[in-house]
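Both of the next two complexes hold chain A, though its partner changes from chain B to chain C.
And now, the complex of A and B:
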């Protein structure tokens, strides 16, 4: 039972992070390897707003989320739009370089010690009993809920709203979309903003649970196989992929060897690349387009 | 191959076109450069010696990556994994069997070849991004195997390796290392240049250009890709073996993802598709942290930032990489070529007509 709870929490973490990879890739065909760092930046944003708006935790959280959205848009405006039309490698490397830059800047600004944004907010991480013999932390529960809400909203946004449909159109065929009067730069900036928002939210929640330190970047990187296993351009795929990766990871760590935790996602990734490179729900022709 | 740069010099035979060195000026300048390299250790201080050794060691790995990415067009993010494989093969053979370096060096090369084959297999099906990701996954697996060995055998802090040697004579002194590494790096450059003007190298450039056309021209795309991976991995593993002996110490911490990024940065900053670029990029990336430290000294910031030097380095490195990607995608070698052209044409350079490219 405890294992099932652990799987659910880990799967929600991966799902919340990997939807950022999927959003950016689906819309602009760029793989963002700075996602882990952007996530961490979101968490530091919460830490900063928590001390700024002390006593008003909800305002602090809202401000931190708005900050994440803004950072995502800024990343696109400042760097990534220059990379449109460059080769895949150049764009990926630009995100890697951005990640290094951000990591250095964050250490410069916030130091290396572990932070606890939850304490700054004045909340405690209660432990809740589930069933007879399992426990889930309050933040863990929040993670599961946040992931559900995020995915629900994203599906609704992409299916039903005007901007969501524009976003899908831009992802399917940028040239046609542009000819129909869709401003690609606005759409791409929005995708980056949304991806950073969800990533930042994930970062904030993880930091609230386990403390805020530089190992968070590794979690960001481990969520990437989840996105790819499900299919890099499919949100539903990301959800399924996260579940698969989280299940495998929790079981392997529990039954075989804790050291495996960092490699299991990549083993599954490799296996998937050999058998079905486009993932569970990804579209097949993507492979030739990259 | 290259465009002749001297006036009054015409290539009239194919051999001249294939020659690595064509004009007398080039031969003379290369000879002067070689002499400089040989006498360098007799004038350099300890820090300069160490820097030169680092550059020479890095250059081998960077050239290997350049062959793969810059020429054959296969993206790899598993470079640190391959270096680690070479270093660990050396470390394990030394620790378990006490093997001397003339056993560990070929053994590392063999491990590299085998891994290159494994790293290369996904490339037969995958392209671009997906290939990069699969090599990234392999990097994590190699590192995992290394750390597993370390913990299982109780070397959790790393494996210590004695300096290599033949009989009484051991390579320990930085100056001795300089010559060993210089010979290794020079051999790598020569090997790569020769390979690139042979059939293999031309096949690599063809599959870089367009795979379908290369296939139509009768090039076995699969074989060309696999040879690119194998050759590059063998060179990288040998570099890893030298790295292990040079440091006298092997540990998984040394082979983080950041090392891969540094090597990729060498190739990018140096300039794609040029051996000279790989070398220039290595010099840049290796000297960059020292340059930043010097800058911090010059501005009197060392005391204020002493606890976060590595963070400053990190962010400056990221910034430099971003700037190169955005403003100088051709890298240092592009700047070098423009400077050469400027010097050659000066003072007769004309501005191109408006609109003409």
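And now, the complex of A and C:
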């Protein structure tokens, strides 16, 4: 039972992070390798707003989320905009450079010591009993809920709303989308904003559970196999990939060796790339990925 | 002569900064008219249309000389969505629909021009193409060639354009289907008041509906006139209409030579 709970929480973490990879890849064919850093930036954002709005935790959380959205849009406007028309490789390299830059800047600003944004907010991480013999932390529960809500909203947005449909259209055929009057830059900026928002939310929750330090980037990196295993251009795939990776990881850690935690996701990724390189739900033609 | 909607003046388009695809092309499209732009493969017809509808960064092409006047304003090198917003919509030759979207979603994704009544427009598109209304929940990737072309025209019309650019309407479709589509184009002009610029290899079909035609070759316009005049022209008969007049059909090279010499001598 405890294993199932652990799997659910870890899968939620991976799923919440990997939907950002999928969103950006799906609309612009660019793999954002700065996603882990942007996630961490979201967490530091919460830490900053928590001390800024002390005593008003809800305002702090809302401000941190808004900040994440804004950062995502800014990354597109300031950097990725200029990458349209360049090769995808150039754009991916730009995200790597951005990631390294952000990591350095965050260490400069916040130092390397562990921070606890949850304490800063004045909340505690209660432990809740599930059934007879399992426990889940309050933040863990929030993670599962947040992931469910985010995916629900994203699916509804992409299926039902006009802007969601436009986003899918632009991802499939950018030239035709432009010819049908869709402003591509608006769509791309929106995708970056949403990806950074969900990533930032994941970062905030992880930091609230486990503390915040600069090694958090690794989790962002481990969510990347989840997105790839599912098929990079599919949200449902990201969900399934996260579940697969989380299950394997939790079982290996429990039955074999805790040190395998960082290895398992990438081992599964390699196995998948050999057997079925386009992932569970990815489209087969989309193999020109970097 | 009625008002001019579109005028190209000495248009030159260069790809990748070195390859000139279109050179010195001038043509006029009057308001409410149907104009045909004819020519063989690689003559520069599609490039001309794409120049009018706007290139995006991925194309790496630019209008380097000349001008595109639309309603008296210059629109060359504007972004495509801005050109669509001014009332020009393109039905491209390839990848003309969003394949993973349903018909209804294809129409929903379109940005309708400000001021136009979207719902009314979509209704009139469904009225024009009843097949689209029937199949509206189907993914565009599963449509037949004819239905796909209808959807392409329909989603271009959903932008509420004043000028519809159509690239190779007849490509790969059965003659019956092409005839039907051409009838729809005529209806579009009458019912929605849309002006049309048709690019076609199939001169026979295009001259049937057009009021005026231009013939392109090697990136230049080599001939223009009313359909009657073009049909009567020897080159057109030889090449585009396939009427050899009983004599041995001249080879492509011979006719080319002939045309080239004619260009120099008169």
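Keep in mind that, in the parts below, the second predicted complex is superposed on the first by the 287 of 290 C-alpha atoms of A that agree within 3 Å, B and C clash if a C-alpha of one lies under 4 Å from a C-alpha of the other, contacts with A are read in each partner's own complex, and residues count from 1 in each chain.
To be clear about the criterion, contacts are C-beta pairs under 8 Å (C-beta built on N, C-alpha and C of every residue); 3 or more make two chains touch, one makes a residue touch a chain.
Just so you know, these numbers come straight off a predicted model, no measurement behind them.
In the superposition on chain A, no contact is made by A:256 with either chain B or chain C. Of the two partner chains, neither chain B nor chain C is touched by A:4.
Between chain B and chain C, B touches the greater number of residues of chain A. In the overlay built on the shared chain, the residue A:102 is in contact with chain B alone; chain C does not reach it. Look at A:85: by the touch rule set out above, it reaches chain C but stays clear of chain B. Legend: residue contacts after superposition of the two complexes on their common chain; A:145 is shown touching neither chain B nor chain C. By the touch rule above, chain C contacts chain A in their complex via residues 53-54, 56-60, 79-81, 84-85, 89-90, 92, 95-101, 105-106, 108-113, 155-156, 158-159. Interface of chain B with chain A (complex): residues 69, 75, 122, 125-130, 132-134, 136-138, 140-141, 144, 147-148, 151, 257-258, 261, 264-265, 268, 308, 310-319, 321-322, 325-326, 329.
Note for the complex: chain A touches chain C at residues 84-85, 162, 165-166, 168-169, 172-184.
Listing the residues of chain A that touch chain B in their complex gives 31, 79, 82-83, 86, 88-90, 92-94, 96-105, 107-108, 111, 221, 224-225, 228, 259-260, 262-263, 266-267, 269-270, 273-274, 277, 287-288, 290.
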